[in-house]
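Chain lettering (A, B, C, D, E and F) follows the sequence in which the chains are written, and residue indices restart at 1 in each chain.
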Amino acid sequence: MMSKIVRTQANFLYPLILIFGFYIVMHGHLTPGGGFQGGAVIATGIALVVVAYGYEKIKRWIKKTHLTAAEGIGLLCFIITAFIGIGTSFFYNFLANSGLIFGESIPYGINPGYLNTAGTLPIMNLAVGIEVLGGLGAIILYMMAYGREVSE
Amino acid sequence: MIFNLPFITVVIVIMFGLYAMVFRRNLIKVVIGLDLVESAVNLFLVSLGYVKGGVAPIYTNAPSTDMVLPTPQALTLTSIVIGVATTAMLLSFCILIYRYYGTLDTRKARRLRE
Amino acid sequence: MIDVWLLASLVFVILILLAIARVVAGPTLADRVVALDTINTLMVAVMIILSVVYSEAIYVDIAIVYALLSFVATLYIARYMEGGI
Amino acid sequence: MLVDYVIWIFLGIGLTFNTLGVIGLLRFPDVYTRLHAATKATTFGSIFTSLAVVVLSFWKYLAVQYTAGLSMGVHTIIAIMCLLLTNPVGAHAIARAAHRSGVKPKVAVVDRLEEVGK
Amino acid sequence: MRNIAMIAVFAILLSFFMYIALNPADFGYSGEGLNFGHPRFTDMDDYFIHNAQNQTASNNVVTSIVFDYRGFDTLGEATVLFTAVLGVGLGLRMLRGDEDDE
Amino acid sequence: MIEDIIHVLILAGLIVTAYLAVKLRDLLAAAVVLGVFSFLLSLEFYILQAPDVAIAEAGIGAGLTTAIFVIAVKKTARWEVEE
């Protein structure tokens, strides 16, 4: 556990990192970013909380099984979203320009960008974001948990 | 003007990484060398797709439509995440070896087993 | 007008190289970490300035990611130096 | 034009303070004085260079109708806020860890933190 | 003896890499070459840049390549990440730590 | 012109930090130098107009890789002993 200043600042900064990571994930088709980057940002937030509070307190709030479950769920969602378009081909973007959710079309050329476009890409971004968040956070927690100094 | 300097940098960094992987006997140093080689390959891929005067391949508020090549960037993106996963796995193996043998030196660890 | 920003970014890159000189020479670990923290701050500034040079508004996101995340490494090393993780 | 002068003044202040901070990082004798110079001066200077970017982007949005200027200015303000939040805490953590790991101040006469710690 | 052999291997590798980096125009291609700033193969990238906005309605071309055109790469990457996390967990669980994981 | 000078300076910094990461005996200092290498690499990606890769390198290389290295050094030995 680090000093009180660091803990207070971690309390304040962790929601900010969460919100910014979600922004990066959901705007992956408009601005630089996407599933990998947003997931890595949120996993670094988990690493911040772990180092500020110490593993002994953190293991009641963030469990490793939840993170690995999030990883599996993200991978499963990704594969299912890829399988829905199997009528044409694997990874077919069936929602683009269809008018449904995320289905608006955009003009050709330079434009300011709209959130409600790009078909299945935001859904896949979300799935991959959940997967990378779970994976990297689980790596940090596993490496903090095991291999401690055991009293022989 | 700037000729081939990024490629030369890639070559030098790869040679440093190979030196660390071959001649150093500490296992964490070997992992550091592997990380250096992987970063150099990423730099090689991205600098291969650079076009002089191009902008990033994103149409949102772009200043022009003369863009750099997007495919190497996409491949590099997957390569980075794979790199951090393999680095974590190798470091966890380092922890295991240290716990079983009491050392990170490759020769000593190999000699202790026999 | 553009030349002013490019010159400013050149000065920043030279300052980053000077901070790397402290990383090379630093006798203890704490000196190297101080130089790392300085390089973080300078990197955020030079990224914001280069977004004006390339006239791309979306590049500022990278600077925000740097400002939010790069001090986590500093915290880890400080925690190591306090003794215990 | 007035905006150009404002931007030049901001850039000049920022570059001056950043240069002073890095010179202090190179020239000072021990960890704590280096930390003092580097963190305070470079944070101040980086805030001023970023303020120059904010002024330029808002001026472009208002005068030239450059539509991306608004988002650029707002994001730059967010970056400044993040810098203000994270930088002092990192400096505090480094100083505390250095003191606990046994790095002594070089020319200090009195060390209050060690007296309290005893 | 072993060191000398290693140094020879390093010298050969370094000269080979440097030959590729310094004199790229002759490397397996007779044309404009592999010069920095003048890439060679641009047909696929031109197709992506010009058609990505119509076909996937996405402004970011890199995202449309990662998740749509070359989705199999991303699938393999996700599998590698999953396997790596599995390896870290299983490997470190072999240590008898003082772990009370319910 | 000035862009090329910036380019050359960043590449020189990359070479220096890579050499230092291989040379240093203190593994924790090597991890710090590897973090600086990652920062410079991200700036290089930025200048080569690849913002997606720059964000990924910033998030992963700057934060997570250094953290993992520090944890691994803590669980093992800090100094690289010769012989």
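Keep this in mind: a residue touches a chain if its C-beta (ideal position, glycine included) is under 8 Å from a C-beta of that chain, and two chains touch if they have at least 3 such contacts.
Just so you know, these numbers come straight off a predicted model, no measurement behind them.
Quick check on the contact graph: shortest path length from chain B to chain F, in steps?
Contact-graph shortest path, chain B to chain F, evaluates to 1.
Just grab the chain with the largest centre-to-centre distance to chain A, centres being mean Cα coordinates.
Between chain A and every other chain, the largest centroid distance is to D.
Looking at A-E and A-B, which one has the bigger number of contacting C-beta pairs?
By the number of C-beta pairs in contact, the winner is A-E.
Using Cα averages as centroids, what's the distance between chain A and chain D in whole Å?
Each chain reduced to its C-alpha mean, chain A and chain D end up 30 Å apart.
How many angstrom lie between the CA centroids of chain A and chain C, rounded to a whole number?
Chain centroid spacing, chain A to chain C, equals 25 Å.
In whole angstrom, how far does the Cα centroid of chain C sit from the Cα centroid of chain F?
Averaging C-alpha atoms per chain gives centres 12 Å apart.
Using the touch definition from the top, which residues of chain E touch two or more other chains?
53, 59-60, 62-63, 66, 74, 81, 84-85, 88, 92, 95
Would you pick out the residues of chain C that each touch at least 2 other chains?
Within chain C, residues 33, 35, 40, 54, 57-59, 61-62, 64-65, 68-69, 72, 75-80, 82, 85 contact more than one other chain.
What parts of chain B, by residue number, touch at least two of the other chains?
Where chain B meets two or more other chains at a single residue, that happens at 2, 5-6, 19, 47, 50, 55-56, 58-62, 73, 77-78, 80-81, 84-85, 88, 91-92, 95-96, 99.
Under the touch definition given earlier, write down the residues of chain E that touch chain A in their complex.
Residues of chain E touching chain A: 53-60, 62-64, 66-68, 71-72, 74-75, 78-79, 81-82, 84-85, 88-89, 92-93, 95-99, 101.
Could you please specify the touching residues of chain A with respect to chain B in the complex?
30-32, 34, 36, 40, 109-113, 132, 135-136, 139, 142-143, 146-147
Where on chain D does chain C make contact in their complex?
4, 7-8, 11, 14-15, 18-19, 21-22, 25-26, 31, 34-35, 38-39, 42-43, 45-46, 49-50, 53, 56-57, 68-69, 71-72, 75-76, 78-79, 82-83, 86-87, 89-91, 93-94, 96-98, 100-101, 103
Can you tell me which positions in chain F touch chain A when the two form their complex?
51-52, 54-56, 59-60, 63-64, 67-68, 71-72, 75
Can you check the complex and tell me which residues of chain F touch chain B?
1, 4, 7-8, 11, 14-15, 18-19, 21-22, 27, 30-31, 34, 37-38, 41, 44-45, 48-53, 56-57, 60-61, 64-65, 68-69, 71-73, 75-77, 80-81
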